[in-house]
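Going by the order they are written in, the chains are A, B, C, D, E, F, G and H; count residues from 1 in each one.
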Amino acid sequence: MLFKDGDTIVFAGDSTTDAGKLSTGDRLGTGYVRLLNGMLNAFCPEVRSRVVNAGVSGNTSADLLARWEQDVTAEKPDLVFCLIGINDVWRHFDCFDPSRRQISAEEYERNLEAICERAKGARELCLMTPFYMEGNRSDEMRIMTEQYAAVMKGVAKRRGARVIDLQREFDVYMQSRPGQSITWDRVHPGEIGSLLIARAVWRELQK
Amino acid sequence: MLFKDGDTIVFAGDSTTDAGKLSTGDRLGTGYVRLLNGMLNAFCPEVRSRVVNAGVSGNTSADLLARWEQDVTAEKPDLVFCLIGINDVWRHFDCFDPSRRQISAEEYERNLEAICERAKGARELCLMTPFYMEGNRSDEMRIMTEQYAAVMKGVAKRRGARVIDLQREFDVYMQSRPGQSITWDRVHPGEIGSLLIARAVWRELQK
Amino acid sequence: MLFKDGDTIVFAGDSTTDAGKLSTGDRLGTGYVRLLNGMLNAFCPEVRSRVVNAGVSGNTSADLLARWEQDVTAEKPDLVFCLIGINDVWRHFDCFDPSRRQISAEEYERNLEAICERAKGARELCLMTPFYMEGNRSDEMRIMTEQYAAVMKGVAKRRGARVIDLQREFDVYMQSRPGQSITWDRVHPGEIGSLLIARAVWRELQK
Amino acid sequence: MLFKDGDTIVFAGDSTTDAGKLSTGDRLGTGYVRLLNGMLNAFCPEVRSRVVNAGVSGNTSADLLARWEQDVTAEKPDLVFCLIGINDVWRHFDCFDPSRRQISAEEYERNLEAICERAKGARELCLMTPFYMEGNRSDEMRIMTEQYAAVMKGVAKRRGARVIDLQREFDVYMQSRPGQSITWDRVHPGEIGSLLIARAVWRELQK
Amino acid sequence: MLFKDGDTIVFAGDSTTDAGKLSTGDRLGTGYVRLLNGMLNAFCPEVRSRVVNAGVSGNTSADLLARWEQDVTAEKPDLVFCLIGINDVWRHFDCFDPSRRQISAEEYERNLEAICERAKGARELCLMTPFYMEGNRSDEMRIMTEQYAAVMKGVAKRRGARVIDLQREFDVYMQSRPGQSITWDRVHPGEIGSLLIARAVWRELQK
Amino acid sequence: MLFKDGDTIVFAGDSTTDAGKLSTGDRLGTGYVRLLNGMLNAFCPEVRSRVVNAGVSGNTSADLLARWEQDVTAEKPDLVFCLIGINDVWRHFDCFDPSRRQISAEEYERNLEAICERAKGARELCLMTPFYMEGNRSDEMRIMTEQYAAVMKGVAKRRGARVIDLQREFDVYMQSRPGQSITWDRVHPGEIGSLLIARAVWRELQK
Amino acid sequence: MLFKDGDTIVFAGDSTTDAGKLSTGDRLGTGYVRLLNGMLNAFCPEVRSRVVNAGVSGNTSADLLARWEQDVTAEKPDLVFCLIGINDVWRHFDCFDPSRRQISAEEYERNLEAICERAKGARELCLMTPFYMEGNRSDEMRIMTEQYAAVMKGVAKRRGARVIDLQREFDVYMQSRPGQSITWDRVHPGEIGSLLIARAVWRELQK
Amino acid sequence: MLFKDGDTIVFAGDSTTDAGKLSTGDRLGTGYVRLLNGMLNAFCPEVRSRVVNAGVSGNTSADLLARWEQDVTAEKPDLVFCLIGINDVWRHFDCFDPSRRQISAEEYERNLEAICERAKGARELCLMTPFYMEGNRSDEMRIMTEQYAAVMKGVAKRRGARVIDLQREFDVYMQSRPGQSITWDRVHPGEIGSLLIARAVWRELQK
């Protein structure tokens, strides 16, 4: 199994990870991290673990990198899961403020490299690909999301990190129902998406 | 000009028309109806008019038909604008509760016919097509929305009602920016979409 | 599989089922029913189902029986899960108001029989045993809870209903950690207990 | 056209510009600035711009001058619109606290001169005259407002700044309806007045 | 003195009389009626009296007449003070909804006549003239207010009712300060105006 | 007249003066100071004045003295009214905490002397006696209050300050009604007492 | 002992008994009834009892009599404690509304007689005298309170009811501290007074 | 008697002592400390005392020791009551976060020794044993609680401190009713438990 008694497990990311943690003051939020913490306690009570939610809504890879030392390294994690990138993509589609800088695929790659470097102290690092809940593969934002996901897979390979392909989880779902049935914006996972992510992480934890 | 001194103008529809009227208690809501009421007062102060917001969030054409007498006819309108149909479409994409009935294009047509019949007391009826803020023309929900919009245009032609093609307004916008920049869900128009609708209605009112 | 496309699934019970449904106004509550509804949608999107939470905090078997027609039968359920009995037991331990009637094991049995009779219209009925999160088997309230659970198993056997032994789920957990680590009162399941119950029901649904 | 792709447009002023920005925390407020920002995005999506609301309720020309560097210059504006002066006038009519200083027409002129000097870094500066929604031209506060508006026009001429005569917009309106129909206090523009101001600024932006 | 031990004194009118009574639930409101009730108790403790606030915000003379039996007669008043008319005037200046009926000077006169008729059971009736806090005597709304006040004085004379000329109280004040220093809208009296009205009524009560 | 155009008038004291100023955030409070500020503006609009409420609930003469520089002198008053002493008395009757120090008549006298000394910069100082709304002259707390009031009169005489005997105002009232009809605690003046105090101060201001 | 296993004990009275029950929704209130209910459960756990708070703030003996059937008899009490009368007295001292009826000592006596008659179904009735926390025996309200208490004792004697002399409890206290140290108004008992009453009732219950 | 006129009495402990003091802002809380303060004032008014609640929810003996100087010594107590230890025990049963340190019986003993040392300035120190409201003497948490209570008694003996055995108070109660009838969690005493503790302390104070 990936986790051991006494482990600290940090989940780093954006609003999908945060899931109301900062706005409600609950340290676990209401998303997949909360589910996983509960599953660890309920289904493996013989193992003691500490789960840390290090998600911040709206974060790009640059924002996450900037707070890595303070929010991740300082927790002395044994395992790190990192789900980042959809905001790097999204700002190309909803922000037309000329004073805001956008993050290219190249910068995204550099940020992920730096994150891997800084996560070296952990026993395991697992990168989770950004995903877009749109079944139409010719959709522009889906295409760009897949490009960034491919960048992440490349970095993980070079760095020896684990990868969870979350887009694949949602694609299976979208064979039966459109992405709108999960969420209006195709980005925030809600209850259904949180369960899909938690199941994928749980499988990885069993390996 | 389409409107005269002393007119009552009713806007009937769903959440795009309602725009918070019911949840906030403000009788005009915060969307395009509020803008049009303000524009009538500000730019044509020599004309007295009464604007009624008869939108209810979540309404399909069946829901609107069921409350037409009470919410539209009872106001004795001189002009009626009717924007309905997106919820007829949407429930095919986000609702998988087996106990909920879905509205086919045929039922949509019958409902619009009945609406036209009941609106005969007004001097003018103007139908406004449902729209979907997705630029990709191969998107399944956009395709279905266009089918329902075509149904509406057919009914309007047979019945001699005016038509405003709102999808066209949003398509012009989407030549420059993706639909996500207006709204996450591609359905609720927000500030940008309300301005686009208000401009289109205003032009019709000047005719 | 126990469930089919188009099924209505009703969960009847007390506060463990209700889980804030009535106090927060959310129709699913925040407990195991919410988890199961999410799991059905997330993991079996090819199947459409409707989940109904028919729990009411504080209910004994007598209270549940009294509202069965209105809250369960009226929903026309295909599957019914029924978790009831802990309040029948608990009132012997925390209520010393001489004007309050207490429910004996015999009355509990009669109530369960009547519930089985009224649930005949459903395709399947599954009874779930009351449980007490106290590892000490000589605890008086645990002993009485097990007596009532045995009554339920007897009724189920006679009536051909399914049974889920929830006490067993919690006993496995309590081999590693005391019941207090789930909940102060040893009755309300909280997040950990809700996951344990949801997992047990899920397994039954897969049969 | 007055504005170009990539422009930052700052609106400086008092409560008419602020319009709830500070009290509600929304950075655009609910007045004419919000409307203009929406119109720029809705009607010119091919142009990216950034709109800044630099209004503060209750400001006189002296207050605005004192915060110009911090609130206007620091934003590096390409275009600056400045609507100030009604509070300079109003305090002569509603404040009888002997410890409060009042701003004469001479001081108003000096303040506007200083504002023009500090706005030199912008490509264009447009001054907007204070206005009073009272149709009676012999009203004392209207007379004084017109005096201050004349001072502003003189400064604009000397400095080569643009001018929008907002009193004229309201006078057209008041040919049909009294000023009270816009607002009780004849000062705060409300929805009708905001539309009149936004239309005037929009025309200027098209030049 | 106008009042005696054991008297019930009713003040009937619009928002100036109501002064928050209905919105705050305090039966006396926060305006001149509250002051007078306090003054009666504080300065004439040897006399017991009951003060009733029968004001309703927004009332015209027609609205007041319609509720006279229920709100005034039912209290069995010994003295009645009636301040009504400004809303009859105001609606000519701020309401352009074609569906709202306006009250002419003739209808105002008829309503006051009917009020006098219905107040016959009281020992004394005192009419208080509507007033407008605008010093400019050529202001259109002031002119109309004075016309309605003249109508009231005529009715009072014919009917033998007392009259308090409240416009005169405010005119004295406006010799020193503009009406805006009392209130933005020149209609609602606020603290200063409530004191002026209370002083005028107090003088009448001493007669 | 005691006051002139441009005067700053400070009212220093305890909760009777404060009257909710600190708890509600309104700078005038809801007691006699608010009434006097309104009366000055309403009845003498030709005179501009500034009224400062410098009351703090619970203050004894020692507390007031300690904050005199900051709360009174810093306002540069022309006139100072000072109502203090009831808390010096009251703590002998309701406080049995051995760690709280009590203020004797001798210390009260020293504090008043120091207050007079520090108030020399004002044109006029007026001391107002503490009072107790108990008609029974043999009541222990009334007796002590009168002793402290006598101390105040002595200080005023030596120092040439004005004095308002507030106990006398309440005694006239109590000839007709018991003190309980003003206030349960016989200390806080409420609406009736505030009017009595305001009338007494107003008379002094007319001298 | 006065009470037995299975008893229902009703406390009937005014605000001293109610103690926030109606305003806070807690069925026991926060006063002496709550203390007694806790003491019965804590100190006599071998006895099961039901305590009912039947106090209503502001009640006179007439008010209590009017609701006796509904609030007391309907509870089928075994023991009834009745504390009523201070509002009968108090209204002579704080109410000068000529439309309010006052309750004489004679009417008080008749009301108590009627209460005794209606309480016959209970095993025991105990009347508790009204009290006034004023040590000065020449205080007018104390004198009247003692007169009403004497009336109660007379009725109790004739009817064979028990009596608790609560004034005596407070007089012992007031030998050491003034009544103000309990409560400002000398009527509502607060924490200290509730403990004194609870101790007196507890002693009676032990008899 | 244990206490004298002028004494300061400090109660130090955890949430049982705190009882909402910190969360509600009331300096006495709502538990046994409030009761005792009331009893001292009500039943011994001839003695003046000051009661300090120095409880903090969640405190272990280590937490209490760390704040002893600031929260206890600084109050200059004459009498100190100290109820601490249940959180030292509880964390072994409900906390499985590997990063949290647990307090062994040895550390508990050292902490109590240090507390006795620091309390030397007080005239009397009284230790109160931790208790667990579980009647089953083979319950694991009850066993551990008794071990810690035994440690406390040993320390008290060596140090010459008084001891109150609170477990015994609850055991008497639990002969008639189960611990759940006091509180769900068997730890927080609620109203019944607070009365039991207050009675035990009161008896000690009488010695």
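In this text, contacts are C-beta pairs under 8 Å (C-beta built on N, C-alpha and C of every residue); 3 or more make two chains touch, one makes a residue touch a chain.
Owing to the predicted nature of the structure, the values given are computational and were not obtained by experimental measurement.
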item	value
Which listed pair, E-G, C-H or F-G, duplicates the contacts of D-F in over half of its pairs	E-G
Pair of chains joined by more contacts [C-beta pairs], G-H or F-H	G-H
Averaged-CA centre spacing for the pair subunit F and subunit C, given as whole angstrom	68
Chain centre separation in whole Å, for subunit E relative to subunit C (CA means)	66
Centroid distance [mean C-alpha coordinates] between subunit E and subunit B, Å	47
Residues of subunit C whose C-beta touches two or more other chains	41, 45, 96, 177, 181
Residues of subunit D defined as touching subunit E within the complex	90, 93-96, 135-136, 138-141, 177-178, 180-181, 184-185, 187
For the subunit F and subunit E complex, residues of the former touching the latter	34, 38-39, 41-43, 45-46, 173, 175-177, 181, 191-196, 199
Of subunit H, residues touching subunit F in the complex	5-8, 41, 45, 48-50
Residue numbers on subunit E that touch subunit B, as the complex places them	96-99
